[in-house]
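For reference, the structure I am asking about is given below.
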Amino acid sequence: MVRIDTELLSNRRVAEGYFELRFRWPAAAGAPVPGQFLTVRAREGSDPLLRRPFAFASHDGTRDEATIVIQERGSATRALATLEAGAKLDLLGPLGHGFAFPERGTEPVLVAGGIGVGPMLFLRAALDAAGVSSRFVLGARTAALVPEALLPRGAGVEVRTDDGSLGAKGTAADAVTALLPEARAALYACGPAPLMAALDRIAAERGWPYQAAVEEWMACGVGACMGCAVPLKGGGFLRACADGPVLDGSLVKWD
Amino acid sequence: MVRIDTELLSNRRVAEGYFELRFRWPAAAGAPVPGQFLTVRAREGSDPLLRRPFAFASHDGTRDEATIVIQERGSATRALATLEAGAKLDLLGPLGHGFAFPERGTEPVLVAGGIGVGPMLFLRAALDAAGVSSRFVLGARTAALVPEALLPRGAGVEVRTDDGSLGAKGTAADAVTALLPEARAALYACGPAPLMAALDRIAAERGWPYQAAVEEWMACGVGACMGCAVPLKGGGFLRACADGPVLDGSLVKWD
Amino acid sequence: MGLNEATRAPGGAAQEPFAPDLSVRIGPLVLANPVGVASGTFGYGEEYAALLDLDTLGALYTKAVTVEPRAGNPAPRLAETPSGLLNSIGLANPGLEAFIRDKLPALRARRCAALVNVAGATVDDYVRVVEGIEAAGGVDGYELNVSCPNVKSGGMAFGTDPALVALVTESVRRATKRTLVVKLSPNVTDIRETARAAEGAGADAVSAINTLVGMAIDVKARRPRLAMKTGGLSGPAVKPVGVAAVYRISRAVKIPVIGLGGIMTAEDALEYLLAGADAVQVGTATFADPGAAFHVLEGIEAWMREHRVARVSDIKGLLEG
Amino acid sequence: MGLNEATRAPGGAAQEPFAPDLSVRIGPLVLANPVGVASGTFGYGEEYAALLDLDTLGALYTKAVTVEPRAGNPAPRLAETPSGLLNSIGLANPGLEAFIRDKLPALRARRCAALVNVAGATVDDYVRVVEGIEAAGGVDGYELNVSCPNVKSGGMAFGTDPALVALVTESVRRATKRTLVVKLSPNVTDIRETARAAEGAGADAVSAINTLVGMAIDVKARRPRLAMKTGGLSGPAVKPVGVAAVYRISRAVKIPVIGLGGIMTAEDALEYLLAGADAVQVGTATFADPGAAFHVLEGIEAWMREHRVARVSDIKGLLEG
């Protein structure tokens, strides 16, 4: 984990309100694994005040580059969306724990809901590189919110939209439900809470392992402030930043 | 007085930390007179929070353009200094009362200290246009802080620097002291308080009228908040924004 | 069945234009809408006239009026802080007599409600200002600024002691039947106590918050930025403090609560309305954007349309959790 | 003739390198320098270890320790506001026993001073935590977080009542001879009263300010942003409130004052030192810039060099006006 001032290499719009930021990520900063994140200080001064967390969406160790995919939501993401190549980026990472590779004999099923796409792209690439084939399901509200240029090539890639404007109509969870119950799937997911909760139910029913990348408001990002508490079914909390963001999805109280 | 969103036409560095911003100023906004000012909102959001006041440095009614000359000091001026042609500017003006023309038979002596140069340039141009000749004295700490490209052409223009790196060594007040005491001068000035106080003493001694453009922290800029109080020798206050910024310099308590 | 239901088309599908009722009742006064401009930030309504049509708003709360004219505090009186503004204007105002002569006629002629903010150093001062204005024909209402130092208790602000708040409120209450708002200070341990004191003494509403005590130092000059050293903090920085105050007060009293402190946008105002406010005031934001109060009003109306909320007073009921 | 004079070259022209003394005495403890990291923002010193060398700083104030382990409040616990941060962490901590076992050894091994922030729901809770740590060998000092709700007085915070502040301070005082700091709540009418109560009961210093009560509402979701509804406001937004508090407290008590609230830069820290603080803490700023506390320290040292100020405690004397 390091804090570095690095350089934005490119910034391109990949869907409506979605941007892929490619930046220099030197080897000395440490190689991120899928599921890990970084935090960025969008501006000096106090508006916005806190660093903002984003999942690594790719890492290229040979070129010392990495990417994040962001969705414009508020002041920080708006500022990031308008940055141009050459801009300085104040980054802190890699943070948190990433995904574990699937056990032998299970087929990884990667599920991305909306802007949850970044870490799943990175995981897919890592599995590909390791020669592990996987399914990839992306759910979005509508076609305009699908970053088509980023979608993995190869087999087993599926898109679902709520309005049927791209891929089959339905949710990403529907696509998972459609898998054979006898399959020995290993679920990996990042997305909005309702999707995560639905996958939890499917995983529980079928006895599939479920690695979930969670999102919570963060202040420190390093485990010091106890701000990013993720409530657990059994009571108590885990810290999204330091215990996660990848958690055993069956433990999390998704409500 | 109007609030308008207008367009920056050019932004050029005219001395160390000094910038001249040229922008569209439509006729409908009302023609500013020398000494009047505008306020600008440097950024949306709350950092900086308040609009910032700047004196008009020129106005060209035939081209619907005006300028201000700003010095980088804090967050707002830093933001303005980096704007590029085409940027939108949220302006409010013209505000306050400007300079009155000199009485017949008096020779206007315009004194600018540091960034006080803007309104004095505008006044010089207006006097020139009216065929009234004037002296123009600019005082600065050092040559690098003299916006030479902006200095008026023609006779009677003098520069003084504290370190003698441009023009004679000394202050703008020294240059005024060097005028013949018998002269029938009319003093006009904008600059730091010590300069303004020195000019007040000279004017009092010699019985010269003294129109001073004052600076105070402002919130509303339109006379509503009572924030920009300028203390008077006789007690009480005037509002820099609505009663000024041009005040009878002999009334002001320069302390 | 509210207006909400009544205006829904039979089929439920195509919605007819929905016109929310923006009016708000505060004591005997009905404000055309919930948005006012806060005391001290809009003068007596004249200075901003060219920039914002006050008559589109619900209310103007004037700069404080005191019995005697006051020149105000030494300069500098303003300092900007992160997302905030410190001021120590010091109740600069022309005094009761000049106010009645020079300002009151225009205020009385306004279409928007005009409430005169009243300040003083003794209980009697407050009463005299209100009696004076009543004798001159009155205005729509009064807002008591109880954040002023009380000379009788060694400069402690009226607003920090529930007993004093009750005393000044009940004394002024006897002087007028018009809408009486008590403006609460946030510089207290429990603002519900002063709110209850105001309610018990006959206030028609409370407004909250006035400014927080703050200080800023010019490190280069090594002196306080304000000549008075400390001042009152306003602006977005204090919004969370104001929203918490309104949330608590509105659960402690039955009279309407007027929320203010850091409102820049309609969303900020809706935070206050959801927290329990019946109306809002826009203060410091006007300095950044002279049209702020109007944009806040437009935004509230649009939100009510979108969510088909019939009355402003219904908004507070929509807070969940 | 101070160090200031002594190091000036005879001719007065060429100045020799000037080395200010950065140390600060708080009770029996001498801090290497005036900059600490605030409770709750730096854990127990481990999490930020890779990013900031704590041992360059004057002090670490730990996350609160309570007798029993506490899971903390429901989520969400954080919300950003203009230039501010609302939190309702709720004293999440492993409890005294685990603290002593897992955290204390590393704290005791630190070169920088470690002060344990102590919280509780009864006076006895505070005493038990301090006694427990003392029995385990102790640390450099304790900081009492009296902003906690007191179960015996219906949840009113200890820190809002001078008598309770005195009681908890004097009870803990009997349990330790080490440096005892009482951390004051700004949510009071007059913070000088609680400061005097702490001083009278034997505190070695007071720190101010803890967070302000605040609230933010998610207008879209129509619910409070924090699960606990209200929370504590920190960050640059509150700096003017903290500086005013320190200015007032330092003129009301003789013990040292540790200033905090919104310090992001050395200039912010110098505002506190000029206002009367003897030391400072950096809290929320660390979240924006993990190196913030270190940059603050560097900047204070540079400023002291530039102005040839010999001791940190001399800075407060430089405030004019």
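Note that the chains are named A, B, C and D in the order they appear, and that numbering of residues resets to 1 at the start of each chain.
Everything that follows uses one rule, which is that a residue touches a chain if its C-beta (ideal position, glycine included) is under 8 Å from a C-beta of that chain, and two chains touch if they have at least 3 such contacts.
Because the structure is predicted, anything quoted here is derived from the model rather than measured.
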{"item": "Touching chain A and also chain C, the following chains", "value": "B, D"}
{"item": "Far-end chain from chain C, centres as C-alpha averages", "value": "A"}
{"item": "Centre distance in Å when chain A and chain D are each reduced to the mean of their C-alpha atoms", "value": "37"}
{"item": "Chain A-chain B separation of Cα centroids, rounded to whole Å", "value": "54"}
{"item": "Multi-chain contact sites of chain D, meaning residues that touch two or more partners", "value": "82-84, 235-237"}
{"item": "Multi-partner residues of chain A (at least 2 other chains)", "value": "46-47"}
{"item": "Chain contact topology (line, ring, star, complete or other)", "value": "complete"}
{"item": "In the complex, chain B residues that touch chain A", "value": "45-47, 75"}
{"item": "Chain C to chain D touching residues, read off their complex", "value": "81-84, 86, 160, 187-190, 212-217, 219, 221-224, 227, 229-230, 233, 235-241, 243-244, 247, 262, 267, 270-271, 274-275, 303, 318-321"}
{"item": "Contacting residues of chain D [partner chain A, same complex]", "value": "40-43, 47-48, 50-51, 63, 71-80, 82-85, 87, 89, 92, 235-237, 264, 284, 286-291"}
{"item": "Footprint of chain B on chain D - complex, ascending", "value": "82-83"}
{"item": "Parts of chain A lying in touch with chain D, wherever the complex brings them together", "value": "1-3, 41, 46-51, 92, 216-231, 235-237, 242"}
